[in-house]
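Take a look at the structures listed below.
One chain, chain A, appears in both complexes that follow, with chain B as partner in the first and chain C in the second.
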Partner chain A sequence: MSSNDTLQAHSDSHPPSPDSKGGGPYILLFFFIGVALSLVVGWGVFPKLLYSQKNQPFDFNHKNHLEMVDNGCQSCHFFRADGSFSGSPRLAQCVECHEEMQGQSEDEAIFVEEYVSKGQEVPWLVYARQPDCVFFSHSAHVNGAKMDCITCHGHIGTSESLKTYEFNRITGYSRDIWGRSISGLKSNSWDRMKMDDCAECHAKYDAVHDSSVQTKRDACFVCHK
Partner chain B sequence: MKQTQTHNQKPPQRYGMAIDLDKCTGCGACMVACSAENNVPFKEDETNKLLSITWMKVFRITNGREFPHAEVCYLPRPCQHCAGQHEGHSPCVSVCPATATDYSAQTGIVSQIYTRCFGCRYCMGACPYHARYFNWWDPVWPVGMEKSLSPNVSPRMRGVVEKCSFCFHRYQLARDKAYAEDKREVGEAEYQTACAQACPAGAIVFGDLNNPEHAVSRIAQPDRHDHYKSQNPRAFRLLERLGTNTKVYYLSDREWVRKAGDNYLADENPSASTPPKEHA
Partner chain C sequence: MKLSRRCFLSLSIGGTVGTALTPLPWKLTDDMSIWSQNWPWTPVPPDGAYTYINSTCTLCPGHCGIRVRKVDDRAVKIEGQEGTPLNQGGGLCPLGLSGLQLLYGPRRIQGPLKRDGERGKGQWKPISWQQAIDEVSRKLADIRSQGKPQSLACLTDSDTGTVPQLFKRFLNAYGSPNFFRMPSVEDAYESVLSLTQGVDGFAGLDLYNADFILSFGSALLDGYGAPPRVMQAISRLKEQNGTLVQVEHRLSNTAAKANVWLAAKPGTEADLALSMAYVIIAQQKYDTDFIGTHTEGFEAFVRMVQERFDPQKVAAYCGVEADVIVRTALAFATAQKPLAVYGKGKGQTAGSLREALAVHALNALVGNINRVGGVQAIPAYDYLQWPAVMTDETAAAGLQTQRLDRARSPEFPHAQAIVHRLFETVNASPGEVQALFVAEANPCYSLPGSANVQEAFDKIPYVVSFSSYMDETAMQADLILPNHVYLERYEDVPVRSGTTRPMIGLCQPVVAPQLNTRHVGDSVILIAKALKGAVAESFPWADYESCLQEALGDQWDAISDQGFWAAAESAPASLDNGFGTPSGKFTLMDETIGAVYQVGEPSAAGDASEYPLLLMPYDSIRLTSRYVGGTPFMLKTVADTVLKGQDGFVDLNPETAAHIGLGEGQAVRLSTPVGEARVRVHLDDGVMPGIVSIPRGLGHTAQGPFLAGKGVNVNRLIAPVEDPASGLDAALGIRAKLTKA
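Right after this comes the complex of A and B.
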């Protein structure tokens, strides 16, 4: 009771001052500064922190090679007899032409001196390597569904140099899997290759891909191992 | 399921196993082959078998009688890949809250996706066969052994459930080959599990139960109109009366072995029993 009286007396003696609402604009200002800072951190700083960069052992000109080989991409990235896909070429394939220097480029000099003459495999960093739990069948997509390389890999065949390899510091996965766009928007089919991107295409052909009892789509074991 | 059937005209594949218990010597080669094939982790101390991970496990059963009537039978137990009373109603698939385990109507295989599993272990509680195992620890391989792991099977981490997959990665590789050869079907010899290939007694036969050309369907003789119950008088399935409709058929000439496959009463005759009728 007595404390109530005191409170009453206290508030009576100090009526609300007319300029106490002057904090409003400042609060708004701090709010917008906060939003701006979050945006800068989220869109600019965090992606830089999240991804680490590595350079390939030496540069490679896909365009140049594609012009000289007879069988397109399959000249170097071919299927083995058991239906498995070779992926990045091994030294044995390169040596078929590059036993000795073919041109004058510095990159080829590195290749011949460091790898060919020492018989050492090139430790290529693979942009499109999927996580360990994924079974991706090149055979099913290229031989079965007759898809072309560009759908998933883009116009890598006409590129003149290799881009910097970026990988996620937490997962170790290549940035090409999650995609370069932080907003998550994608304009080309090859912009990223997450599970949703695989599922997007598989869902289009759901008459064929409906083996899962749980999801009525493709059973998990179609692409997982 | 329906779509799949209409698409292929003929019934989808239904991979299963027939294990002749009269041939099994209990040597354990299937267990070793399975563990090596599937990167199954082990610990330095495996004395507590309740914590051991064995996708394929050989049990020893006896008829409980005394010498000279005592008999022993060894019973290898992989995942039974239950179809349930309607296709895909496996006990584990029904309870999984994460869609980490799934049933494929194309192959009849119950899958387990380790990256999807969050380790609630409902499936382990649901499985009547104790075929599922929990990873209490991250696998630690002896130095250098990680180089001998199979790249076709993804290793598991602490906190997820794993189980026999009927060596599904071998099916994936066989499919790759079939596509390269412009085929859509995988031959019987092209897809075999590691345990079936390792069994020195030839007790394990693996193949498509729906394909009359496969040895397993000739041995198991599943009745498609009666929940795939075997028409072979030598055959039985584990805990058949639960209605799990499993794909692993066991064979034996011995009455007591067939009786050990389910909880029969002393005066019950296993061959006379029928699975429960489907609910409306």
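Right after this comes the complex of A and C.
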């Protein structure tokens, strides 16, 4: 290096980097550290931070109940006379059998003591609650399109306990809407229930779903009234 | 190893690359967008239990069945009630659909108000209901004690149903014959039915079953009759390959959808109808059976049309070619179920009696009187069986005096009320009206010559308005006793428009009264009771609701559940005993009718040399000029060639515009013999040359910020043109001129 070069370098406002020569491998290393850290954050830490967990008031065994009723899921999750869907059972329905303790489980005790005897509705946390902007009719899907519950809700009917309810801290919606997988990928039809997932099925049956003249598929207002 | 700046840069680039390979940015973007939709200040209507209430819309004479959706205690949507006998499809017009803006909108009057300052300045003092009733009754007792009960006049929207009848009853008990209803096409039809058929009732036009409709300027697709029903009838006519002929000086929506559009010059429509009668008679295409058996005066009628209404002669001045007149007349006469319809625009004016008679004569010639698909005379509703009014001496003396408009006198025997004559009388001799009640009407805005009406108001010492809204007439009042709006009250509304089947709609409360208002029926009963004596005794009811229940009697339960009562479907009145004339026949021509045909059409006011153009108002379903005024929603549906910002437009033929040197959008001064206004010009080939076409329903000076100051009120520019035959406003246009502003 000539003295002229040195002078020029020093006159630059940025001091020369000490490892300007031969720093290559480290730079690459830091690059990969950056990649690795962000992958860990993005795939591991982020979902943990994004979702908050809440426990249901007490546990519930769907499998057990399903074995005892005659009319499958609709025994408790039924359609009202006007065709609207009842959703989670109200206390009055449960009381038909649970007026007295049924069995010795701790959850049964909580249910009877905290809710049945006080006449208080159970504040169930609903995994599949869609946003307010979505108009969803169970009747159109179950009675009209003859779909079964599993297509959207999975095998919850044979589950022995309730999973922990998780909700998005930013949006407040249940985690089941986006799906368990933070990547948004799914392997079963019930894994997530965002708009694209509804649209996938509506598009597949476009012969019957053609309310939009332009797209020959369902128009926005079918769900967004 | 030393940590350098480049290491950090590299780390962050790596971080960025890595982050892009995780769902984090995509998921966060999605979540943020959802989060932004859920901001707490974004209005979200509260959820609640849904209920539906069946009621009847009272915003126009159509009285369509409505179904109001409620969430808890809030009304959130008005829909047409499907499956009612007269509204199978459940359609509704823009005004009916946006009625919630009249319920929850800002222009309602909050409670009783007393004028506090000069008239019309809008300075008010809120008072209690007790004070308000005391004040009116004191004033009325005062007038009565001076022996001038006839100087109380009352103006309401209609004269059928318990509310208008309570007012009429009040006036009778008080001692005044001066009960008025707002003008409408009903006035003309009543006169026609009385003259030709001897029937006291209304005309049921069976538009739904006709296969050839010949409309003389009726806005069938722009709000005539009951808009949903009439539109359904026209759709059906189209589906069944029927024919619609529109006689109108302007290419309106109805004319545009018609099979044939006949642009007759305004004022020549009656002659056009009579020249069609000439053709039908000359070609022997009339219904010989009906004419021979059930009519009288046919020969005289034939002589009259043969003498004066040869199509060749009429074509020379009416603007429709002779062969078109012949073709149309023959097509009309040879159709299975032809129907000629009278009533200009939406039917908010009486119009020319001569034209109404001529149109009705066409129906008689083809024999479709009291037939399916024709005109059926429906007897007036008679369900109000109230005990006779108690009249004391003062009342008896007052009732002996002549009506201020001389309606039902030998001079105008067939008119029920001639509203413009009321205000002309006041202007000529101010003492005649000491007090005026106005309910469900806005004469200072809606009547042609509204400037004169306003002037008359200045001369009436005491004006009481029962309006729910601060409209132009309420602004001129001394006292306002605000009525509930139609979604808060009970009222029976007998249907007269666009039906052949008698039906009483029930308007019932959808929500509890939102403000300190009171049912107008209750106000009348309270005022009567406060007057004591015979007036009070004439009102034996505790309140309006018990009066209504008693009036509807056994029907009450059914009607309040369904929202309406409809007469059973029945065949039209028989031809053999369906006519109440002395001969029991349909009168095509007698002395009275002959005199009406003899008199020419009244010509529009103004000197043609000074005012070379003719200003003609038109009706649109997007606007309303009735009592309630429009809604903000309706104004948003008006094209910007009708209203742009605050500027109202007139339509002008390009030829006429070129003659004056005007271009599209240009601002001009529109002057008539009675007023002037600044407007802008819209060029339209569909307007007849020489005519300035202007919409009704704009140019409010009151009714709150959404309506006030937008466009021009045509009623300020025109004046009533009295039909010499009936005394009613023939509602032709007025001469006008345009000058560059």
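Keep in mind that, in the parts below, the second predicted complex is superposed on the first by the 200 of 225 C-alpha atoms of A that agree within 3 Å, B and C clash if a C-alpha of one lies under 4 Å from a C-alpha of the other, contacts with A are read in each partner's own complex, and residues count from 1 in each chain.
The rule is simple: contacts are C-beta pairs under 8 Å (C-beta built on N, C-alpha and C of every residue); 3 or more make two chains touch, one makes a residue touch a chain.
Nothing here was measured: the structure is a model prediction, and the numbers come from that model.
Placing chain B and chain C on a common chain A by superposition gives a clash between them.
Of the two partner chains placed by superposition, only chain C is touched by A:26; chain B is not. By the touch criterion defined above, A:132 lies against chain B and chain C together after alignment on the C-alpha atoms of chain A. When the two complexes are overlaid on their common chain A, residue A:103 makes contact with neither chain B nor chain C. Contacts of A:224 after superposition: chain B is touched, whereas chain C is not reached.
Look at A:168: by the touch rule set out above, it reaches chain C but stays clear of chain B. When the shared chain is aligned, chain B comes close enough to touch A:79, but chain C does not.
Within the superposed three-chain model, A:38 lies in touch with chain C and out of touch with chain B [touch as defined at top].
In the superposition on chain A, the residues of chain A contacting both chain B and chain C are 131-133.
Those residues of chain C that touch chain A in the complex are listed here as 1-2, 4-8, 10-19, 21-24, 26-28, 30-32, 34-35, 37-38, 44. Listed in rising order, the residues of chain B touching chain A in the complex are 1, 3-4, 7, 12, 87-88, 93, 99, 102-107, 109, 111, 113-116, 152-155, 165, 168-169, 172-173, 175-182.
Residues 17-19, 23, 26-28, 30-39, 41-43, 46, 50, 131-133, 168, 170-173, 178, 182-184 of chain A are the ones that touch chain C when the two sit in their complex. Interface residues of chain A facing chain B in the complex, by the touch rule stated above, are 79, 81-84, 131-133, 135, 137-140, 143-144, 207-208, 210-215, 219-222, 224-225.
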